[in-house]
Amino acid sequence: MQMSEIKKEDKMPILSLKQKRRIKNGVIHLVLISLSFIFMFPFIWMLFTALKTPAELLAGIGTLLPNDPQWSNFRVAVTTVPFFLYLRNSLIIVFFAVVGTLFSATLSAYAFAKLTWPGRDTLFVIMLATMMIPGQVILIPSYILYNQIGWLGTRLPLTVPYFFGGGAAFYIFLLRQFYKGIPRELGESAIVDGAGHFKIFIYIMLPLTKPALLTVSLLTFMFVWNDYFGPLIYLSNPDHWTLALGLRGFQTQFTGRYDLMMAAAILVMLPTLILFFAAQKYFIEGITFTGIKG
Amino acid sequence: MAKRKKLTLSALKKQERVLGFVFASPWLLGLIIFGAFPILASLYLSFTRYQMVGLPTWIGLANYRSLLFNDSIFWTSLWNTFYHVFLSVPLGLFVGICLALLLNSRIRGISIYRTLFYLPNVVSIVAMSFLWLWLFQPHFGLINQVLRPVYDFFNMEPLGWYRDSSLSKMTIILMGLWTAGGSMIIYLAQMQDIPRDYYEASEIDGANSFQQIIKITLPLMTPSIFFNFIMGIIAGFQVFAVAYIMTQGGPGRSTYYYGYYLFDKMINDNNMGQASAMAWILLIITLIITLLALKLNKYVFYLGEQD
Amino acid sequence: MKKLAYLALLLLISFTLAACNREDTGDRTVIEFWHVSPVGSDSYSGMRRIIRDFNESQDDYFVRGTGINFWDYWDKINIAIASNTAPDIGYHTLDNVIFRAGNNALYNISDLIREDIENGVDTIDVSVFSENQLEFATYDDDLYALPFSATVRMMFYNLDLFAEAGLTEDDVPTTWSELYEVAKQLDDVSGNTINVLGFDPSFGEGTYHQYLWTAGLDFFDEDLNPTLNTDRHLEILEWMYDFNKEYPRSVLDAFGEANQMLGINPFAAGRVAMMVANDGLYETLRPLEGQLNYGVAPIPVPDEDGVRVNWGSGFSIEMYNKNNPERREATWAFLKYLMDHDKQIELSDTLGWLMSNIPAMEEYAEGNPILEAFVNELEYAVDKVYVPYAPNWHAVDWVQFFEQGQSSALTPEQVLQQARNLYIQKRENYEAAN
């Protein structure tokens, strides 16, 4: 209604384009701010819980604000376990997992998206099917497999499979969707120019799908970073433990210290958060194909 | 000139048949080396009695027969899971897309907003569940406190949320929407690939923002919508963790999902054989539904495949 | 790009550097011990000391301990047992020892004891353990594990709340009718809000099977057929549901939710005056010493033919079969060390558990009336039976039905009937697979 009224008076605009944009942005801000409260709430609650004293926790989690913020809870979480050793272990595993996933998922996704080869569609469905089997039932056979090849107690089961598409079905499918969106002419003209598929892959596909690669890296990072179960069952030496596993120790049988538990949880999630914040600006700076007609 | 090009193209076609395997080889090799044995082993175990100690013994179809014909909880859990999938997938898509559209604006502070909306995905599921329990409590929870005027207006009893067996599944679905920011980043990534001149052209044609969304953004987002749709189905059928932490499958098995039952079979009954059989039944169900869903692929608008 | 390669190289170097930095063990026999005292836990230093003392006390064996937090320990050890990569020694649950013993996963402890006797070496005196616990560690007349901890359930009562209601320790109930009478005097209700509840049979660790036992009944007969179909079964279930029936369900629900919101044990919060719980609650209450006066008593029994009994669970300590005589010998030496009288006291102090060695616990508890009461109750502790077709009969299988009865979604008759049907169905399916 309002829109059309404004349109009618196009000849003599009451609101300049700039003002219109300002109003529109104001509305968006308003919606975003009110919504972000809902989405921020879990984190705020975690933070406040982490800052409470045990006595306050006993008095009830009904109050939100801590009376006397216990920043020392974070220090306790950092000092009672070899925090930096665990941090390094986590980084090692995450690094190889991300590199491995990027390597295997991009190549395989290209095969599924841009190449025609026998059995492709069947294999694509098989790939989807591997995600449909609940992980619990292949856990023990996998464990036995790694035991047979002597990888138990090392970081190999937690890193090497990523180079072979381990857990990458999700990312392969995701990247396939993005590659299929890259205009065909780009590849065809390159082929006419004598470039092979590897060149197209490296010089066209990868640079043009940076936001997607970033998404894949971020999701892999998060998954591997937060995974305590893999390290739990495959690692034997506590010196190889990761942060996610090492900080689970705060939930012991008798002393359910929620304050320390939340402090530890925040410490685990903080790197992911920082990474996300740093990475998200690339989403908006994504590649635009100017000059290419669809 | 034209002749040479034709030859090259047919040679390229042949080359592609080989290159396809070369490019897919990391994943293919992984499937053969690391994937095939565990997957086939679980298929084998589904025909055995295996208690996770000692050796499995072959019992033919007994596990499948028990599950399908003499197990009331099996069907309850399957129904609960279907309910969850059919509601949570469309709702999740809707909320995720809306968030992404909202957060694709080029306004000041957008990076902060994006991070905030993504926050629930970073928070540990245990911490999240504690919070949800606290928020949704029928008598003291914040949500019912806020809704009190509404209840009073309609003169109705406050909703029991997860404590009410007719609402518990819906409550868990609602909670799942909190993490819709997870699919949001995939949509956002896709939106950056939409050529800017499409919008410029439509602006010249006098289209407003809403029309642009309907005519340009949404159609060009279909590849990632399709992706989230398929993945939503696959993940939805395996829903389990939230119910495990929050409701322990209750009240009255109303949130006892298929994945939960499978877990109990394995961990609490030491019945790996039946758990494996359940996994393969689930695989078949999910596969059938996914294959149907894949038919929608023809409505997906891949920019790279338009002429 | 260069930076990235540099980073990769750096990480690779640290990767290889971290590969090997474990203790030099010389030519000792090295064995693995998994426990639940990980780095960062309260019991970590105590457990490390106990292991180190063993390693320093002799030159033949070396124990490598790995602490895994309590919640994750079970996943880790069960997967390891399934794939024959279990440690040499570790904890498990006592009530299903026969399951692992029957599948040849464990060393025969009786054999080891017999060998010691033949060789004239000091061995473990099994008479220090409770009969019932030993029974659960026995398979085919031989021991395949030893009881390690002993959990006991008792009724905690809050003396401060007793005093407020004009009651003393002499009024602590022993029968169900006394329990009801005292509980009602302790109820403190204003309007639609319960401030203090005297007692509720389902709070804490009050379980239906526990109350059945006190009435001489059980879920299963001797052949493990489900019972649950007698009038007395129904009466006891109704007793549980109706104990506080004068309060509407919504009022009781609100009370339960308030407890949940507090995130603390309702007994510790002074909101329940009497509650059935295990010795873990004693550990929870330790920081409140001086602020909360309480005692523990045997769980009240039915007025007629009541049986003094409590659900006593416990962890076992097991030697996993590695088919390696040297490691078997080393593990046995370490097990004997752990089960030693003084070590049991040290372990109890470290872990905050009651240990299975009764004389040691009697010595440890001396002068502490609460602990003494727990140790006295050990001989009345009975573990729940292992039902192969429904190993978790008391938890997952039963609880869903029990709760539906509580919320009146099912009548007590339906609860029992449906639970019984589930057990029968499970048994049919189990037998079909055998």
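By letter and in written order, the chains are A, B and C; residue numbering begins at 1 in each of them.
Assume a contact is a pair of C-beta atoms (placed from the backbone, for glycine too) under 8 Å apart; a residue touches a chain by one contact, two chains touch by 3 or more.
Quick caveat, the model's predicted, so the values are computed rather than measured.
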| item | value |
| --- | --- |
| Chain contact topology (line, ring, star, complete or other) | complete |
| Result of counting contacting C-beta pairs for B-C and A-B, higher pair | A-B |
| Chain centre separation in whole Å, for chain C relative to chain A (CA means) | 39 |
| Computed distance of Cα centres, chain B from chain A, in Å | 15 |
| Inter-chain centre distance, chain B versus chain C - centres from mean C-alpha coordinates, in Å | 38 |
| Numbers and ranges of chain B residues touching at least 2 other chains | 52, 134, 140, 272 |
| Of all residues in chain C, the ones touching two or more other chains | 82, 261 |
| In chain A, residues with contacts to at least two other chains | 61-62, 139-140, 144, 258 |
| List of chain A residues in touch with chain C within their complex | 54, 57-58, 60-62, 80-82, 88-89, 91-92, 95, 99, 139-140, 143-144, 147, 152, 155, 228-229, 232-233, 236-240, 245-255, 258 |
| Interface residues, chain B side, partner chain C - complex | 49, 51-54, 59, 62-63, 65-66, 70-73, 133-134, 137-140, 163, 165, 248-253, 256, 264, 267-270, 272-274 |
| Chain C - residues contacting chain A, complex | 7-8, 11, 14-15, 18, 21-22, 32, 36, 38-42, 66-72, 75-76, 79-80, 82-85, 261-264, 268-269, 280, 283-284, 287, 352 |
| Chain B residues within the chain A interface of the complex | 5, 8, 12-13, 15-31, 33-35, 37-39, 41-42, 45, 52, 102-111, 113-124, 126-128, 130-131, 134, 140, 178, 181, 185-186, 188-193, 195-198, 208-209, 220, 223-224, 226-227, 230-231, 234, 237-238, 259, 262-263, 266, 272, 275-276, 278-280, 282-283, 286-287, 290-291, 294, 302-306 |
| Of all residues in chain C, those that touch chain B in their complex | 78, 81-82, 99-100, 103-105, 250, 253-254, 257-258, 260-261, 390-392, 395-396, 399-400, 403-404, 407, 409-410, 422, 425-426, 428-429, 432-434 |
